[in-house]
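Let me begin by presenting the structure, written as structure tokens, before commenting on it.
Letters are used for the chains, namely A, B, C and D, taken in the order the chains are written, and counting of residues starts over at 1 for each.
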Amino acid sequence: MSTSDFDREWRLGELFDAAMLARIGPPLAELLGADLAILDRDGRALWGMPAPDATREALILELEPAGFLASAAARPPQLRSAARMFTALLRAEARYRMASALHLEAVTQDFETLKLEHSRLLASEARYRKLSEELEARVAAQVATLEARQQMLYQAEKLASVGQLAAGMAHEINNPLGFVSSNLGSFKLYLDKFAALHARLAEGEAAWQSLDLDFVIEDGAELLADCANGLARIGRIVADLKSFSNVDRPPTERANLNACLEHAVSVASSPLPPGVTLKTALHPLPLLACNPGHLNLVFLSLIKNGMQAVQDSGRPGEVSIRSEAAPDGITIRITDTGVGMSPAQQERAFEPFYTTRAIGAGTGLGLSTARNIVLAHRGRIVLDSTPGKGTTVSLFFPGTP
Amino acid sequence: MPEQDNTSLTFKLVYYGPAQSGKTTNLLRLHDILSPELKGEVMIMETKDDRTLFFDLLPLGFRAPSGLLTKLRLFTVPGQVAHDGTRKAVLSRADGLVFVADSDRTQETNNGEAFQSMADNCHRVGLDFEHIPLVVQFNKRDLPNAVPEAEIRERWDAAPWPVRFATALSGNGVEATFEALLRALYRRHVDGLGLATDHRLTEDAFVAGVLGRTLEPQ
Amino acid sequence: MSTSDFDREWRLGELFDAAMLARIGPPLAELLGADLAILDRDGRALWGMPAPDATREALILELEPAGFLASAAARPPQLRSAARMFTALLRAEARYRMASALHLEAVTQDFETLKLEHSRLLASEARYRKLSEELEARVAAQVATLEARQQMLYQAEKLASVGQLAAGMAHEINNPLGFVSSNLGSFKLYLDKFAALHARLAEGEAAWQSLDLDFVIEDGAELLADCANGLARIGRIVADLKSFSNVDRPPTERANLNACLEHAVSVASSPLPPGVTLKTALHPLPLLACNPGHLNLVFLSLIKNGMQAVQDSGRPGEVSIRSEAAPDGITIRITDTGVGMSPAQQERAFEPFYTTRAIGAGTGLGLSTARNIVLAHRGRIVLDSTPGKGTTVSLFFPGTP
Amino acid sequence: MPEQDNTSLTFKLVYYGPAQSGKTTNLLRLHDILSPELKGEVMIMETKDDRTLFFDLLPLGFRAPSGLLTKLRLFTVPGQVAHDGTRKAVLSRADGLVFVADSDRTQETNNGEAFQSMADNCHRVGLDFEHIPLVVQFNKRDLPNAVPEAEIRERWDAAPWPVRFATALSGNGVEATFEALLRALYRRHVDGLGLATDHRLTEDAFVAGVLGRTLEPQ
């Protein structure tokens, strides 16, 4: 138990220092009218000189004497009265000492509690800051990932739309391929006929007629023309496919956008869906430094969108494609008489991944990717649509200076 | 550990509990009831409204057959929430505890919080709460809406501490509570302090000495 | 200024109540040996009955009297001494009162501070919880977006790899297309020769020889065979393209994986890069319920990866493709003798978007998408690679029960 | 506002500052130096190590020509950080402040924190810190590493409060500081309390009365 503890038992010498005893000793002696000494609880004199035969009066704070008054000459009732006065003073002093010691302990304890609470607050705030930084970093990292995937998706979507073309084109090739093969079968027969003629040359015209070689020659020429057409058609389909599969090349070519539009119209119209008419009004254009493969995809997607809009309207309609040279560039307009778009749809139309159709059922590039391609050509793309009336998509490409 | 020198031994006992549960009243009644060899005044350090501000103190004492002076200093803590620092200071170095609960049913939350604060503060000031002698007193049994005794007994059945019922204002149960604490205190220290061996002090003699009863001849 | 303020000036009647005065009045009177009254600072008697002619001695705490001692009979020096004793008692009591009042104020203030700090702590923790929830929600929303885009990318990547094929295939078709067209030109000449024979039929064998018609018949047959080969080649390419463009169909077909492997080998080997040999060891397999378009892409990608690994090694090598029926399913192994992969590369190989090549320069599906397709078929895919030695990719497809 | 009744007027003045900057020493020296009509003892409520625990108090007083007893009670606050609640309590109801800074260069942070705590606590206990009479004293000028006077003057140039330099241990500057506060106090209250009109007390007479100087005839 240390001397600062409030709850110890006090001795007189602790409660009153020499100055205090010097202040109260004389008046007490004066009142007593006799000799007086003030002793600590072990009998040691703190003030005054006790006579050897002095009477002692205990000064009791709690249970035991905290000190004594000693006097040889004082009358006992007076000495007892002096002790009662002195004890009252001792008690008041002890009470103050306990109060102040306890105050110090209590304030120290409260301060510890406050410091603890404060350090908890700091810890909480630090924790808050750390978490907030961590989560912000996570969010930022995810945003970066999202952007990277967006970019990949943009690349992939371009290729994907070419993939969609492939199936249709493969089918388109099979038809001419079939009749060219069939025609070649006929040629085999015709060759046999001429071989037979060789053996019957002596019969002259009779053999010729008998083998019906006039028909063979005439029909052969027709078949050849058919074959040539068929092969040309295959060639065109292949050229279209190639023109659409150049999507990974940088835009270094100077191309005529009318050719791109014709490619797109060619692909979009084989076959043409029922009830849809395609009209083109292509005017002479200057060459444009561009990536024709990319623009093919854009035009094809817009034309197909238009065709789909006509089909969705449930009535016959047309998609018209118009190109025109403007003083400062090239304007292309693709207009359909289809269902049109609601304001809400128009607002979201250019959002990435926005579609009103099921995933995988798309007709090609999304409008978002289309716009990205147009923007990459420093161009602009604008939607103008009336629900129930139709949609016009306008594209503008500035001329190379 | 109780304070000890060659000639005396001092136990510090603390009455803890929520505000106005009757801690000071317990001390005042003990001062009235008990008559040990030595009994001091109750030092009341109250502030306005009769609320304990620092503590109250009742000193008691008796001499063992060995001549050892055994002193007990009974303290109360201030019950109001704001005085937690003071409570911790008063609680420091305690050798035994009485928890004075208020039987009023509306005070159950206050009792619970005060009991928890007592346990927490014991740990903070380095007392071994699991082993310190402790008696729980449910005071104010005379209140019309006091929680019934059976309900309290059932609730405290599993706890290791003696439970006593009191109406301190009239003095009922005050001495019984204190006696229960004295017995727990004796058992805790009988060996460590050589109470039976060195000082020829039985448990009953210890209790009788503190309470100022005449010990029945054995 | 309220009565609880510590810093007010105290009057005697506040510091000592009647009980206290009754305790100290008698011994003080006894000591004084005369009549005594204790008065408050306004002269009102608090203890004792002051005689009308009593002498007053002021009890000064600070500057002014807090009260008085009054006695008619006491000697002045003794009354002064009594006042000094009493004043000491008053001061000790006042000091205790100030200490306890200040203690109460200080503790109350500290408690207010503690409550404030505590409420700040609660606010900080609430703020922490709120932010953490918000950010977690943002992260979760982003993860959902990422997953959606991942799914889209997975769809798009499949189509994209078909798009990549299209360019190569278009090129492949042009070659046979060219010589079939050229052959047809020859046929046109040959038909003309037979027409000329008609006019010279009378000349008989001489005309035949002169027109060199034996050669025409012989060469015509060869040309026909060439054309048939060419057309068949176009047909096969088209069939390959179609087989690869079925990627959007659900896996409802029962297909022979050997046919898929042959399609993939066919596409991968036209043309075969220099220094790469392809070997196949395809054993009879049961039919598997699968999406052949998807598996074509997987096989083609793995074969092309293998071929690229051989090319990357800078020395000739081979890619061998082996299929085998196992008791519980089908095993396919594609092994190359190329560069192999480091453990770090192997570990990351199946991560989405992981590639060691530039974006867009990929050889087809990523391994991540390949694995997704295999997993969609309830299959397993395992990489086993030694740097500098080569890589084996093993696929297992469980048989339909 | 100062406490006022028919016959007396009391100003509460508080010496504030970091721990051990010399607040109590200022009071002790003022007690030695001044000789007003009324002068009480310094009530020192210290604890161990001579650190102020609650406060110290020096009462002074003189009578105005009108008969009005003007009393000044000079308090100190405990400087140690833990005693912020006590500081707020002592600061309550103050009519004027002396901020006792420690000139030791190593104490600059403590000075700054204590000054800030004084401003904050004034707001908390409802004092108008912008207008309360305040004097800043840089004490312990005798220290070898005291911040030079010129540097302090420059730093405090923009502040609205008088700055005084002191070595309280030897008594230097203690009275000058107090006088500066008295003048600020007089000017703040001359009109509100009718010091010049009702009590025929000039500023010089007010200062002379408190300090116990003989007023030079005008």
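Methods note: a contact is a pair of C-beta atoms (placed from the backbone, for glycine too) under 8 Å apart; a residue touches a chain by one contact, two chains touch by 3 or more.
Keep in mind that what you see is a predicted model, and the values were worked out from it rather than measured.
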Of all other chains, the one whose Cα centre sits farthest from chain C: D
Approximate Å spacing (C-alpha centroids) for the pair chain B, chain C: 61
CA centroid of chain C to CA centroid of chain D, Å: 64
Distance from chain C to chain A - Cα centre to Cα centre, in angstrom: 10
Two or more partner chains touched - positions in chain A: 95, 99-100, 102-103, 106-108, 110-111, 113
Multi-partner residues of chain B (at least 2 other chains): 45, 54, 83, 85-86
Chain contact topology (line, ring, star, complete or other): other
Each pair of chains that touches, named by its two labels: A-B, A-C, A-D, B-C, C-D
Residue ranges of chain D in contact with chain A within the complex: 45, 47-48, 53-54, 81-83, 85-86
Sites on chain B touched by chain A in the complex: 3, 10, 12, 38-40, 43, 45, 54-55, 57, 59-61, 69, 71, 73, 75, 83-86, 88-90, 92-93
Complex contact set, residues of chain C against chain A: 20, 23-24, 26-28, 30-33, 77-78, 80-82, 84-85, 88-89, 92-93, 95-96, 99-100, 102-103, 106-107, 110-111, 113-114, 117-118, 120-121, 124-125, 127-128, 131-132, 135-136, 138-139, 142-143, 145-146, 148-153, 155-167, 169-171, 173-174, 177, 180-181, 184, 187-188, 191, 194-195, 197-198, 201-202, 204-205, 208, 213-214, 216-217, 220-221, 224, 227-228, 231, 234-235, 238-239, 241-242, 244-248, 353, 359-360
Partner chain B, residues of chain C touching it in the complex: 3-4, 100-101, 103-104, 107-108, 110-111
Of chain A, residues touching chain B in the complex: 1, 5-7, 9, 60-64, 91, 95, 98-99, 102-103, 105-111, 113
